[in-house]
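Sharing a structure here in structure tokens format.
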């Protein structure tokens, strides 16, 4: 099953000032892109996470606008600020943020149930089963997150994100928690998944290899500002 | 090193303070709650009369005081608000009959809050449906409660009034509830009503089968027998009698 | 030993109601203080913890003044609802609720703070409403800590004496709770009654405390 997606159009221009005690961090990030694979690359503290969170609605900039696929998610001038619930993007946290009290199956199906109750442990929803199979998680479906390895947890997080058929996939340093060998493997897998599903992806990382392989449009972020941009055919595509 | 010398210093200080109190002829007096104000004044006057003496006062319902003595509290003098409690003390061998005497009398009154609009004029009025709460001290341990129960039973009103009774721990608590307006009426001694005459009104003096006589006695085996006897004798003197009279206590 | 069973039943009733109230109040305020930031937040926390350090008789006095026939709240209740809480078991519930509140509220706040905020963020992005997040993510992860506090609050309410005596008095069958009954039995020299009451109260408290100990916070429930 491929997700039929129109090419992503990202129109982002945000400003924010963060204060922590005496320290002050100003950021101003602009980006327009029609690329399906955007990588935001920069050192720690550059503002990558804040930018990604702003797109997801987990952080509200002081001013600016964010438009995704023609839909305005945030516009300070017009007073628009969609809550994360309404943005229909998927966000993958650095440490996956899997719900520790729910099984793999319940985690994956979490977003499909909108009420006050979690999906039941024994309940098998068609979409959930499909993604469990796609990521080879069927045997682990009844287990809890703390019983899984890092790589397995990432797959669960990904499945959970994709089940909701998001407009875009936002990844926060997706491979930072993995060892180098696993990193190489997962990078390739992610690249293949992204192509197969045709789901637009924005990835933030401080690892140049991530940017090289997964970024078609790479933004270099430093001290809250875009240093430079590069557009190139992502290496991942060539390797395919 | 510092810790042990500090400990030694504290220890010596504690022992010294204990020793001084034993030497100074301290008298521990347990007295019925209704005697609170009168005895505080009397004790001050006693200490002025006999410099170097010390009176420690302990007020509560007579029944409570009795239990404390039964369980071994170091009391030297006991003044209760009724004969029954003192009889119980005597029966348990805590006081010597020769040392016991009645020193004041009191009367039982029915009081209402000063702004009461219920128009309570008699004991029978207490059975009226508009009267919902009446403060009566717990008869099991408080003399004034027993007096009230006795009077109400004699008037055949006990069952009706008991249904509305708010049990209190001592006569002063009854007084407080009436003064606050939390109850519609209450039973206290005339001496208690006099203390709060701006907040409570006396409806009537309740007739009792036998007069309210307060006995006082020294406790057998007290460590300050001489001092205890002196305090009891002091209460017979003119200045002490004047203090008691000031608060409304009458001669026995 | 009629008096004992009546007092026990009353104590359990009052403690149960007080604990139910505190469950709602404690969770509500615990969540509010855990998840929102506002100036004076810690001051509010300190004020809400005050009943734990105040002498119960002092609390009882404040409640008596506030809820009595001449008190601001007392007059309001009398005029609008025709009710007076003094000398009633409902008054005893109020006294116990106030006294035990910090014991429920503080562990609840700590339990909520211990829940990883990122999990709530993840649920938001997945499209789940704030209320649903509270019931599906936050509460399931915090309930053990909350429950431990609730049990402590229950035993505290069960043993409440000072404030209860002032506010509710001691009316056998209506407001004479176990602790008050013990007090009066001792005062009247009824040692056998007192002993029975003390044994019953101790047994109940031990059972509840043992249950609370099994719910030590930090252990995630696995089926």
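Order of writing sets the chain letters: A, B and C. Residues in each chain are counted from 1.
As a convention for this text, contacts are C-beta pairs under 8 Å (C-beta built on N, C-alpha and C of every residue); 3 or more make two chains touch, one makes a residue touch a chain.
The structure displayed is predicted, hence computed values, not measured ones.
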Ranking chains by how close their C-alpha centroid sits to the total C-alpha centroid puts first chain C
Taking CA centroids for every chain, report which one is farthest away from chain A.
-> B
For chain A and chain C, let me know how many angstrom lie between their CA-based centres, rounded off.
-> 44
What is the distance, in whole Å, between the centres of chain B and chain C, each centre taken as the mean of its C-alpha atoms?
-> 36
Centre to centre, by mean C-alpha position, how many angstrom separate chain A and chain B?
-> 79
In their shared complex, at which residues does chain A touch chain C?
-> 56-58, 83-91, 93, 95, 97, 99-101, 110-111, 114-118, 121, 144, 146, 160-161, 164
Which residues of chain B touch chain C in their complex?
-> 61, 63-64, 66-67, 70, 133, 138, 140-141, 165-169, 180-182
In the complex of these two chains, what residues of chain C are touching chain B?
-> 64, 68-70, 86-87, 165, 169-172, 183-184, 186-190
Contacts from chain C onto chain A in the complex sit at residues 116, 118-119, 121-129, 131-132, 135-137, 140-141, 220-223
